[in-house]
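Got some structures for you, see below.
Below are two complexes that have subunit A in common, paired first with subunit B and then with subunit C.
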Partner chain A sequence: MSEHTGTINLHGITKAFRARSVLDGLDLRLGSGVTGLLGPNGAGKTTLLRILATVLRADSGDLEVFGLDPRRDADRVEIRRRLGYVPQEVGFHDDFTAFEFVDYLAILKEHSDRDARHDEVRRVLDIVGLVDARHRKIRKLSGGMRRRVAIAQALLGSPELLVLDEPTAGLDPEQRLRFRELLSAVGPSTTTILSTHQTTDIVALCQRVVVLHGGMFMFDGSPAELSATAVGRVWLSVERHPGAHVAWTTGDGRVRNVGDAPPGAELAEPTIEDAYLLLVGVHHQPDAGIAA
Partner chain B sequence: MRITVAFCLVVAVILASGIAYDRWDRSRRLRFGDEAGSTSSTWALARVESRELLHHPAWLITVALVTAVTVALIVLEGGAESEAASLPWFAFVGIPMAGLGLVVSAHRTTTRARRHGTDELIAATPTAARARTMAHLISCVAPLTIVALYVVLDLGLVYVLYELTPRPTAEVLVPVLAFVLPVVGGGVVGVFLGRWLPLAMAPLAGIVAILWLNNGVEHLHPRFRMLRAAVEEDYGGPFDIDHVGWHLIFVVSIIGLGACLALWRHGARQWLTVATVAVVAVMVSLGWLITRPPSAAEVADVVDRLEHPAENLSCTVRSAVTYCVQPGVEHWIDRWGPAVDEVLAQVPLVARPDGLRLVQRLVVNPRELLPEIQAALDGSVAWANDGDLHPNYSIGEEDPDLAVAWQAAAVAVGLPPATSWERPAGCMAGGQARTVLAHVLAARATTTTSRTFAEHAEWVTIEGREREPVPIDVELDYDTREAAPTGEVNEKRSDEWEPTTHNVAADGSSPRPHVAVVGASGWGSDVLAAEVIASADRSTVDAVIAAHWDELVDPATPTSRFLELTGPGPPSGSIAPITSGDDPRACP
Partner chain C sequence: MTTDWHVDDRQIEAYLADQATETVAASVEAHLLACARCRAQLSARTDDLDVDASWAALERRIDNEIADPVVRVCRTLGLPEVELRLVAPTASLKAASIVGAVLALAAAALLSQRATSTGVSLNRLAFLIVASLLPLVAVVGAIGTGSEPEPELARGTPFSRIRIAALRAIVALTGALAVGLVASLVVGGPWTRLSLWLIPALSLAALGVLGARLASPRVVVAVLGGAWVLGVTLAGRLSGDRLAAFHLGPQLVYLAIGMIAVALVIVRPSLLELRESS
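Coming up: the complex of A and B.
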């Protein structure tokens, strides 16, 4: 584990649904900056983020956010005042306009002054490029635009903690670039935790990456450190190598193998994606189709 | 008692179902959030929720439906004749319909987060869930602006189409002022159900429960009106021992209970416990108060007001006539006065009755008085023929001069005035000139009485009542006459007369146990004779009355003699024979 001054401190966090353990004694400290959370489906990412967003309680363990204990009502409310949250599956009030919906969330976030609140709503809609569409009903917005509405509401009040659960799902490449732009514009004192399957987003945005698998942390370090774990385990060949965990044909017709490289293999520069695949133990799946 | 049990049962079923549903729901889906949070955003949320409530399809459809029905009734049913043209229709039908529509719309807005899946997002905000419930409850007041606007539009439409100015009488204004209750109440029920039973069918079940409680169990109880916002006059009216406001407070307490129960969904709070106990205490107290048996003192008070109205009224002397009226309607003396004065002006000075007194009696159906009051009341005292004039229509009528004109005329010719609540036929003076004279004096008093008497005579002809007893009165439906200012007698009015007339048997008895049978009747042919004389040259008739007063008021003088003196000729049809002094029904 890396040592960070903790905006968020987790110690021994567990969570189970019925008999199935989802989080198994997590320890973590998070400070300011963008932290990426990687992990396969079912790894417990969303559950962890829900606990951090105070919408779900851990079964056991200690959690501190801004030095506050979310088990106490007053502390939990204070955390929520300083939080921006995009759930994995965001619901919308379809009969609201984009402006009305974000304004509604702004009221719930205690922006009581009407004029100032409306200014703030326009500001965050402008950040996500929706200011011109603010009076359109949400049900008439595309999936990507709805996702941007969700991001906009999370930015209300410039929160000190941003918890983003797959915020770029459904965004086209241009919108993802816009998202990177806006997230990089968030103040350096903000603590952002970003769950995503887009490893390119991790590389582009995160100073730190945490890999969660089976309810436990498998890795905690910088993206470069994560990539480095795969050095010597990625190689190129003419044909798929039987010892590769995963292999795919690249654009130049050669096969990129990830796994335990045979002696004399033509090693390639590993990516964070390669390292992730090795870390979570993806098994041999011919032409798995994972894009480079 | 049954209604109390039914009410508690309905509330218990909702709460128990809500708890059971909540447990089942938690077992099958992840629930987010908790009850921690602030309430500082409540009012700002209430503004948003008000907007959403007013835009909700269920509310808009209800308003459109009420509008369509109202307009259809006003336009298709003939304007002023239509009940929809009146504020009471709107208060008793339109507004409750709107309230039931709000049950649905408030339920839908309250369950919006759950239905649209925004509960996780909302749970991560610092605002407490109970703040949102409070905002929903506050938003239930918002539709009142639309209801108020609707009242204005409804009245405006009636005014534009039929040039009718609404009459702001007490009977109209009380229910209108109480219109807030079913509207706010419907919304609060919707919020309550939304918090405990967030199911699509819940509001419909709630509407059924409301209708059942209000119209099923003990809905005919003479004093317990459950959710009705306004107190109708037909439940003892002003002689009920309850204050009108008590029932309204009772309904308010039920609405308050709904609001408290909605907030209980978010757990106990000290202030909520206090508020719940308070509204339950008010509800129970008022429930008892509006159904308790009257005390001996209250019975005595009501009986006293019925049997001795003059002692409880405000009296004024005008032109040697004493007028005793209910407080607040002293200005009616200006309406009664000219009618009485004009009748007496036709009577020779020496023959004018001394000490004539007019004492207002309020309309009351004795059968709708509380049983204890019925038992203690002496109808022969309450509706006695005491020589006074008694306007026998309720406060609120705009044409009070009619009854007093005929009553003054009857007294002037030596006959008992028809002063009971019902049409009386206490004694017979058929075929006597004094009966005709009474009609003539009254008919010529004012333009209103003249027009009304013409309608009365036409009714006698149409109904073929020339040889049947007809009271010295006009038994007029004032509202109907107002709608037909040209004096035409329409069929509806004749129909309305029929059952009333049948309530008095030919021998003058009345089926109403507490209505003293007083007043005098002549024959229908006397009415027709009076019409002929009233239409003759006024100066000639005046001269005959002045010269032959004593002869005309003599019970032995027949109608034919009056016709002979005035000379216009007999009316169409024969004149019924004179009631002789030997007849046991004959007037003294």
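Coming up: the complex of A and C.
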């Protein structure tokens, strides 16, 4: 694990649901900057982010956010004052307009003065490009627009900690680029942790990447360091190599193999995705899709 | 079309002062669209207007509007702005509940009217039972599982869930009691007899608050409501008086139970908090 002085300190965090262990003694320190969280479905990413967002309690272990202990009521409230959170799924109240939804969350975030609050609501909706659509009912918005509404509420009050669970899910490529711009514009002192299925998001946004698998951290370092773990283990061939963990036909007709390269293989520059696949040990055909 | 004619000083002054007649104002606006000269003339006179501020003020007015009719009623009744927004998610759900409740009570009231003419107290009993269950349904619906439209997000905010639940419970209870009291007036008859449902209703609602922490709204209403209907029916059968459950003695028992439930909530306000999801 790399040494980061932390806004967030986790030590020995465990969580189980009905005797099924989801997080198995996690240790982590997170400081300012953007950290990406990768892992297959069911790896425990959402559970970890929910614990960091103080909406779920760990079964054991110590969590410290801004030096505060979320097990204490007063500390938990203080953490929430400095937090922006986008859950994996938001249960939108369909009768709300986008404005009413964000305004409702602004009230829950203790923005009590109406004019100042409405200014702030317009500001965050403007950031996600929805200020002109703010009086449309949420039920009439597309999936991507709903996601942007969810991101907007997380930006209320310019929080010091952003916990984003798959914030780019449902966004088209242009919206994803806009999201990257937005996140780049967030102050450098902000601590951001995001889970995503898009390895391109990790490369574009994150100074640090953590891979979670089976409730444990498999990797913690920079995206470049993650890619480097696959050096010498990605090669191109005419046909799928039997020793490859994963192999797929690329656009130029050649097969990209990921695994233990045979002697004399034509090695290729590894990507973060190759390294990820090697780490989590995916053994399936590429046609079945890659879960990050 | 309009370039043969130009807006004169007097018309511009009147237009800017919002004192032009509707016809003149429309003509001026139509002409301005086509005539650059008059637009420039108008623009020269409006330099001191802060257009951005005007737009901002207009935006504020639009953003302050509340579409939900139930919430607008709450605003008319004096509920503050922040509380209005907190009630809004449940209020719109409750619009349908209120319509249903009004219909149920109206039906009960009609039955009760017929009862007076036939001398049978069964229908009056039906009215009392429906009226006493209404606050339970409203309160449990307002604070139980599913009452929070954004539970995951709400949990991640510093706002007190106890305050939200208390507010919603009070608004729902007030609405339900108002419907019940109006229906009582419709039924008519001695006030002392018609208000017999009030104390059982308050006690059931208080128990509902405790129950909402333990089970889903449907289960809470089914268990408490079922027990209440069963108890009233049994008391009537055993005593030979259908309204036995509404006599003074039982009323004192309901009062005591309700007070204990309220005391528990006051001592342990966390009972109002949302259950933590897995």
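Quick note on the criterion: the second predicted complex is superposed on the first by the 284 of 292 C-alpha atoms of A that agree within 3 Å, B and C clash if a C-alpha of one lies under 4 Å from a C-alpha of the other, contacts with A are read in each partner's own complex, and residues count from 1 in each chain.
Convention: contacts are C-beta pairs under 8 Å (C-beta built on N, C-alpha and C of every residue); 3 or more make two chains touch, one makes a residue touch a chain.
If you're wondering where the values come from, they're calculated on a predicted model, not measured in any experiment.
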(request) Return fit or clash for subunit B versus subunit C, each positioned on subunit A through the superposition. (result) clash
(request) Look at A:Leu56 in the shared chain and tell me whether it touches subunit B only, subunit C only, both, or neither; answer first, second, both or neither. (result) both
(request) Considering only the touch criterion stated at the top, classify A:Arg254 as touching first (subunit B), second (subunit C), both, or neither. (result) neither
(message) Looking at A:Phe99 after the superposition, I want to know if it touches subunit B, subunit C, both of them or none. Which is it: first, second, both, neither?
(response) second
(message) Can you give me the overlap between the subunit B contact set and the subunit C contact set on subunit A?
(response) 17, 50, 53-56, 77-78, 80-81, 83, 85, 87, 89-93, 95, 100, 103-105, 107-110, 112, 114, 153
(message) Per the contact definition, I'd like the list of subunit A residues that touch subunit C in the complex.
(response) 17, 50, 53-57, 77-78, 80-81, 83, 85, 87, 89-93, 95-97, 99-101, 103-105, 107-110, 112, 114-115, 118, 121-122, 134-135, 153
(message) Applying the document's contact rule, which stretches of subunit C touch subunit A when the two form their complex?
(response) 59-60, 62-64, 67-68, 81-82, 85-86, 88-89, 92, 149-159, 276-278
(message) Going by the contact rule set out above, which residues of subunit B touch subunit A in the complex?
(response) 30, 32-34, 36-38, 40-41, 44-45, 48, 52, 55, 112-113, 116-127
(request) Using the touch definition up top, name the residues of subunit A that touch subunit B in the complex. (result) 17, 50, 53-56, 73-74, 76-78, 80-81, 83, 85, 87, 89-95, 100, 103-105, 107-110, 112, 114, 150, 153
